[in-house]
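In the two assemblies presented below, chain A is common to both, partnered first by chain B and then by chain C.
Up next is the complex of A and B:
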């Protein structure tokens, strides 16, 4: 043991550790969900004649858009071992401000005000979590109730159709390579996923987010500014919810206080199916993208195969439990 | 250790970290009662003491986690005041906590540079804040190789898949990598088996041989006697003796720690009970 080891040969043969399934799941949390997504696409393509077409694929992506964007913000918060129950309510409030205020002061003013509102509400959640050290579940549960009610008060029982070009801009359709139908919203979503992926995996900020989700005390001892980083996660999530609000007006040009009532749970579903651990510090946005697509693919495929909507919910529910069970088992095996 | 000496020469020049007369009170409890401390160049100094003797308060004062009410600390002869562990770290003191402070779901390289990530050179680093991932990996590998951490085969291995000893080795290697003055290790062998303890002790020895002094807090007397150059015995909130492991037997040092024996200035051990004035007929 006195000479430095320069090869990667283990010192003792008994100690060789072949990366088992558990370790693969731990290291590449998006691997399992990606396989599931490919499998689902193949199965539905074989089962139905309508599933495998460019138009249908494009529709699947479009249907995943708003929940997928919400799930992107949700991923950040779940990585810090938190959870955000208020994200959809915040987004809906954002759409109302964009539409109602936008009709008075113009699209641009409405858009800025709506996004700002989402950022402020995200910051409020983050401040309560970091400043008062309240559990994120409770903070965002309270925010959910308060924000949803405030949005209804603001809307005064109405919904607001959007005619402004800027507010509906993300619904703009165009064709990639002349055949693939995409909306501007899809391109924006892809860009957002890339930016967040980069920030999480290639910058010190991302490292710190993972580390504090993993073990906040260890993160503090290594000199990471835990509170500042945690608060920044909620602020960034707020920005993402603001853009999700814009996305949602592009998809359906009508701000409705009753929309996306299960958006919070749907976004958690996408994150969890995507392999991000509810215990924090493990997972990432690639998994979330896949997770959001899996939910829509299941829905679309099962519908086209003529299976009732309630059975689709059963399938989604089972998938959530399987994903969490896999994460738990892998963590236990690695110990 | 007479007063005129200290005034004339200032802190001894071969001291890396020295403290005198440290006092810390928590309400009516005095956790440190005029504690002295002296770590010299190139040594492993073990700090031992019974539970409640105040050794963890002493260590916390030295690594910045506790601010002493009275007393002075010198680092390389310069008086220093640490108001946080970060302060001490910036001054070149690295601490390996008993909890290790590692992120289990991160790989070894990520953990070695946790909180001290390095950015790439050029606009990618300054504008886009990109991390120098390959450079950090290479440096991490170099550090583990230099310390002979043989059982770790892959720098990209997740820390949670490592054994207890290997995790300890990662934490120790990190401290050694960034410490410019000294490292403090809190019970590094407490949770380990015999073979893994041996590995960690080897590691500590190698760090000392590379020129970095080590403060070792331990309850394990055989480990202390195996590796320490000097032993600081802490009792009732102050340093009661500093001995060399070769000069005294293990049971004698334990007796110093519990107060059964006392060390005279001449280096003789005196039975505390025998010293007390005998009562007639008693």
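Up next is the complex of A and C:
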């Protein structure tokens, strides 16, 4: 019964063990990405005279917000060995409702309706996965197509500039210690990461999520309500996508049905680079935060170093493969 | 097991060596900037940023190459960035921010969404950077200092006038293959065509319209479906040449190519081949190379003497066809091949 759980318990009796760098990297999925992030920041700080400044660091965080928030929801779903291809489409639909409906009924009504829509769409995905036992890949592929098209129908070929103060509130800038530029969106993102981190690591719900990601059958045998937990993951992800929609309007006060077409893959990239296993049960939100930042740091740094931006994608692609290779290595060792 | 840890140890060692190397590079670089006595932003060649909608579309590749060439000739440094897809506002905003951070003097941009990037453009201008729109206007137009673009309404008008004249007084039955509804280029070309043709939206002469997003496959599919509804058509408006190619494929499959006049806009080199082969009748060429080189020149001038560029600059358009019609000024495909792009 305890066999599957041990996959994330690194130290096992009866096996010779020599703790070292390798062991640490494999034991803490977020450690490798964090080293990569630090290395990238150091390299770009040395290569350019403009990268290492408070302004630019604020900018990097700001540029990571929307994909980072999407990736937070994506992390939960990937931890259950699922995948969400529809997250960015759901978010974009949310922004359109916030902006279009918001211009009619006011910012607050629009915001609530937009978040609710995202929750409903997340719930639909979750219900299909748990109720009909369809593979998440297929469910969310279908959702992606249907939701993106519905959003276009709703937008009727238009984009909607946002002027409402509440809808644009997460783009509000203020200064910490008079020097460091912070947007309200950054504070909200930090809060969200902390809450999800706490829920995943310090509550029974979090342990259930990991357990069912490792082995749903074993989780069921230990008395976990697998379906209920799985559905709750998709609902929570929907809430997070709703807040991502709000983040997106703070970042660019314009709801555009053509926006974030690669947001789903970008969020998966951030999660995977962050060390969360696509096979479920291993990883976490700290890695995702780091993963989202790495992608932005590469883009920002390579641009400022005057290197052709296609190399940014080459670098990101290599990182994804390295991350998955490390995960596989860890899994093989754990067996 | 031991083998694996050895690999990892080696990886870490390589990483450490890289850091050490870079650290030594750093000390020399520090001395450089120390000697220069200031930030790297104000030294060296004038930096010009270019932000296109994508970096895969041949049109934007041409724009980029022409800007690169112009920058080289004038001793400036071009940094070219792009969105990942048409409509990638977030990518364009990040590109503007990163260019601003890097100390460019001016940014040339083909905005994906006419309103999506306004905030970032304003922030850049507030920091003393001149921002110029290329190819696509911003909304409002004065969000940028100046615009170099094709007068798309005039280009549409030329297409409309030609297609109308080529019908030779036959009662028109028009299919319109539009682009992305709501985009300024789409609206202007569409409106120009109607004006040049002498009809209005909703006229009974228009027997079908489709929004193709400017995509060849989608244009072909839409055209096939429209022909399925009624093959009694004699004129086709296309937003761009990929649309015209899609329309041709659909018409050709039904053996209708000789009976239908297809017009287009863009002026890509592939279109010159298409025109020679008689796939469609005429296209209206635009001049992205001129947009790019004029834009770069404007930024370099701004860096040298502080004059901010301003206003709308029409880079012109030219009707290209091997079947010239009286009363309509046009050039043949020979001229087209020398001046086409892509």
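In this text, the second predicted complex is superposed on the first by the 312 of 335 C-alpha atoms of A that agree within 3 Å, B and C clash if a C-alpha of one lies under 4 Å from a C-alpha of the other, contacts with A are read in each partner's own complex, and residues count from 1 in each chain.
In this text, contacts are C-beta pairs under 8 Å (C-beta built on N, C-alpha and C of every residue); 3 or more make two chains touch, one makes a residue touch a chain.
Quick caveat: nothing in here was measured; it's all calculated off a predicted structure.
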| said: On the A-aligned overlay, A:135 touches which partner chain: chain B = first, chain C = second, or both, or neither? | reply: neither
| said: Which partner chains sit in contact with A:306 here, chain B, chain C, both or neither? Use first/second/both/neither. | reply: second
| request: Return first, second, both or neither, reflecting whether A:317 touches chain B, chain C, both chains, or no partner chain. | output: neither
| said: With both complexes superposed on chain A, which partner does A:27 reach: first (chain B), second (chain C), both or neither? | reply: first
| query | Is A:106 touching the first partner chain B, the second partner chain C, both, or neither of them? | reply | neither
| Shared contact residues on chain A for chain B and chain C? | 23
| query | Tell me, which parts of chain A touch chain C in their complex? | reply | 18, 20-23, 25, 35, 39, 42-43, 46-50, 53, 55-56, 59, 63, 66, 156-159, 161, 248, 251-254, 256, 258-262, 296, 299-300, 303-304, 306, 308-310, 329, 333
| note | The residues of chain B that touch chain A in their complex are 85-86, 89, 97, 99-106, 110, 114-117, 119, 128-131, 133, 145-151, 153-154, 157-158, 160-161, 199, 202
| field | chain C residues within the chain A interface of the complex | value | 1, 4-5, 8-9, 12, 15, 18-19, 22-23, 25-26, 29, 33, 39-41, 55, 77, 79-82, 84-90, 93-95, 97-99, 101-103, 112-113, 115-119, 180-182, 211
| request: Please name which positions on chain A make contact with chain B in the complex. | output: 1-6, 8-12, 15-17, 23, 26-27, 198, 202-205, 207-208, 210-211, 214-215, 217-219, 221-224, 281-282, 331, 334-335
